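Contents: one structure, followed by commentary.
By written order: A, B and C. Residues from 1 in each chain.
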Amino acid sequence: MEFIHLLSLGDQGWGDEMLRATMVTIMVSISAMCIGLFVSIFGTISKLSKNRLIRAIGNTYTTVVRGIPELLVIYLLYFGFNNAIMSIANSLFGYNQYIELPVFLIAALAVGIISGAYSTEVIRGAFLVVPRGQIEAAKSVGMNRFLVFYRVLIPQVLRYALPGLGNVWQLTLKDTALIMVTGLVEIMRQAHIASGSTYSPFTFYMSAAILYLVLTTASSKALNSAENWANKGVKREKA
Amino acid sequence: MNIDGICISLPKEYLGLKVQLMCDSLPKLLSGIPLTIELVAISLSIGFILAMCIALMRISGSRLLNIVSRSYVFYFRGTPLLVQIFLIYYGLAQFDLIKESFLWPFFREAYWCGILALTLNTGAYTAEIIRGGLQSVPHGQIESARSMGMSGILLYRRVILPIAFRQALPAYGNEMILMVKGTSLVSTITLMEITGIARHIIAKYWTPVEIFLIAGIIYLFINYLVTRIVRYAENRYTPYLQTNE
Amino acid sequence: MTTALKIKNLTKSFGSLDVIKGISLTANQGDVICIIGSSGSGKSTLLRCINLLEIPDSGDVWVNEELISMTKNKAGDPCPADYKQVDRIRTKLAMVFQDFNLWTHMTVLQNVIESPIHVQKISKQKAIDRGYDLLKKVGINEKAEQYPSSLSGGQQQRVAIARALAVNPDILLFDEPTSSLDPELVGEVLRVMKSLAKEGRTMIVVTHEMGFAKEVASKVVFLHDGLIEEQGEAKDVFNSPKSERLKKFLASNLEG
């Protein structure tokens, strides 16, 4: 069958290119997720703040990024970053040649900012769900704010946030498919290149689909184990 | 009212953005809204019916139907929407069998391919939302109904479905917003909804940031309307759950 | 003998609702004070004002003759002047809650040794040894490695008492400790509390368990509508109540 030939590893087939593209997808996803988590720390602090202005900034961020199609966000950030860097370079250094930042960086940043908006919501929700009594008990034995935060609040927040963050990871993984418009060679772009070259779009897009399925399924299993570990002290109610 | 007249009165450039061009392109972008709404409405409607069927298949006793429905949901939730769109539009064209069948006039059109992809996608996610809604009906409520002699279709109609519907409402509202955003992906297969028109304008004038900004604002507005509708439905059907936010 | 606890003219309102309207109270070392009253009388709020889980609107609190210094924050609301003082005083005032509030992500033993190690900076081994001793004292040391979720309510509450004892407090505060428990589990918790009282611990207990109060309290305080309606020795309050409201309250709360 022809598709075996098309997908084989080595010079004749596209198999190794697809696998390499899969690595790129994984790398972008991990980077984006980490960037997102980092951003979500600020997002959560902002949204839980008592200061109205700071709260508004956080709310604007999550509302806007979650309300605009991811494709547009990626386009905006891709062109926006490049333009911004160029105009900064122009006004500061008078450098008016075409600058292009490394595509991987921009792609990870773009997906990261999207991922961060969803992570913010998850972590904020987890904060609000921790029972007040846990905090009060900590205060009542003399723990200062620092101890309460690190020894009681954060472990509980992570426990409640884990399922939601698992979802955000799956979302991030699938959003990286949209990076193909920036030219970065991840799974979708590689499939696009290969199918254009061999006139076998079904073979390659189906392979792409299967690769994504493998990634999401493996992630699911890993997240289930993580959830079980995080819930080791808690009896789960049967649905 | 002359749009051109208004636009000319704006500065040509402000903060490095070509404001006049943004204003000029607004009507063109707005003309993409009908197609966007159409895509969302059709795919949500058919997708919902599809999701109900899938949900029924899961709770039916049949092992085969169970496997089919679970595989469908697994596939469409485990792969990106973009892949699903490309597979249907580009992928199916690889097969002569499809090209010669009576279905070809449909699969040749980007419009029908887009609708099919969006429908199948939302069908899977909605099926999970329905399943979650049904599962989250508290056992106590079902037991109290049963203990009064209610069973079968009556039980579903009067107790289980209304409660499941209310539980699932927030999640489905979210799904509606995701669908609105999903329509932007069909711009990659040449459909001229909002994002498609935006890319077309950009190809001509090369002002990506300005045009995508306006397009983004339009989507924000649409999603804002959807959120209001969902919140109205939540207030109407679950007034007892509302807190003062 | 130093006064363990002194409260003078405490008031507290939530919004427009005045919950505590001016309460003064003194507890000497070794006193077991039981605070009784119907719901809404301000009992829990009073207790929570002592360890500053609620901030009183006005009034003074002395713990071991040390005044908790208060000031006003930017919005003009009262707040503690020195949070370090608050943390320090709280270790002298351990509280046992109605809902136990054991930390669900830690084992029973970890719950007990948490504050000694991290707040009082006791060495880990010493804290563990003490922890086991305390768990044995409340009769639950075989569950040391288990998580709170696998314990019954009565067992959890006894762990909570051990956790409170672990910080070596001068005063133990109990906020309706048996109200969340099934009737058959109430006894095991009351037994522990009685033995603590016999040891001479200073305890302030908000409770509905009249039998316990009768048996163990050195002073009973009856609260009504944010004020002390009547107070005195247990036998006086229970056997010859003076106020009408107290008579009504006792009639509806005692079984026969």
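By definition in this document, contacts are C-beta pairs under 8 Å (C-beta built on N, C-alpha and C of every residue); 3 or more make two chains touch, one makes a residue touch a chain.
Small disclaimer: the values here were computed from a predicted structure and weren't measured.
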Pick one for the touching-chains graph, please: line, ring, star, complete, other. line
Taking each chain's centre as the average of its Cα atoms, which chain lies closest to the overall Cα centroid? A
State the chain with the largest centre-to-centre distance from chain B, centres being mean CA positions. C
I'd like the Å distance between the centres of chain A and chain C, where a centre is the mean of that chain's Cα atoms. 47
Between chain A and chain B, what is the gap in Å from one C-alpha centre to the other? 21
Chain B and chain C, separation of their C-alpha mean positions in angstrom: 55
Taking the touch rule as given, give the residues of chain A at its contact with chain B in the complex, in rising order. 63-64, 66-73, 75-76, 79-80, 83, 87, 174-175, 177-178, 180-181, 188, 191-192, 195, 199-203, 205-206, 208-209, 212-213, 216-217, 239
Using the touch definition up top, name the residues of chain B that touch chain A in the complex. 16, 74-75, 77-84, 86-87, 90-95, 135-136, 177, 180-185, 187-188, 195, 198, 208-209, 212-213, 215-216, 219-220, 223-224
Can you list the chain A residues touching chain C in their complex? 131, 133-134, 136-145, 147, 151-152, 155-156, 159, 232-235
Complex contacts: residues of chain C adjacent to chain A: 51, 53, 83-84, 87-91, 93-95, 97, 99, 101-107, 114-115, 118-120, 147-150, 160, 163-164, 166-167, 173
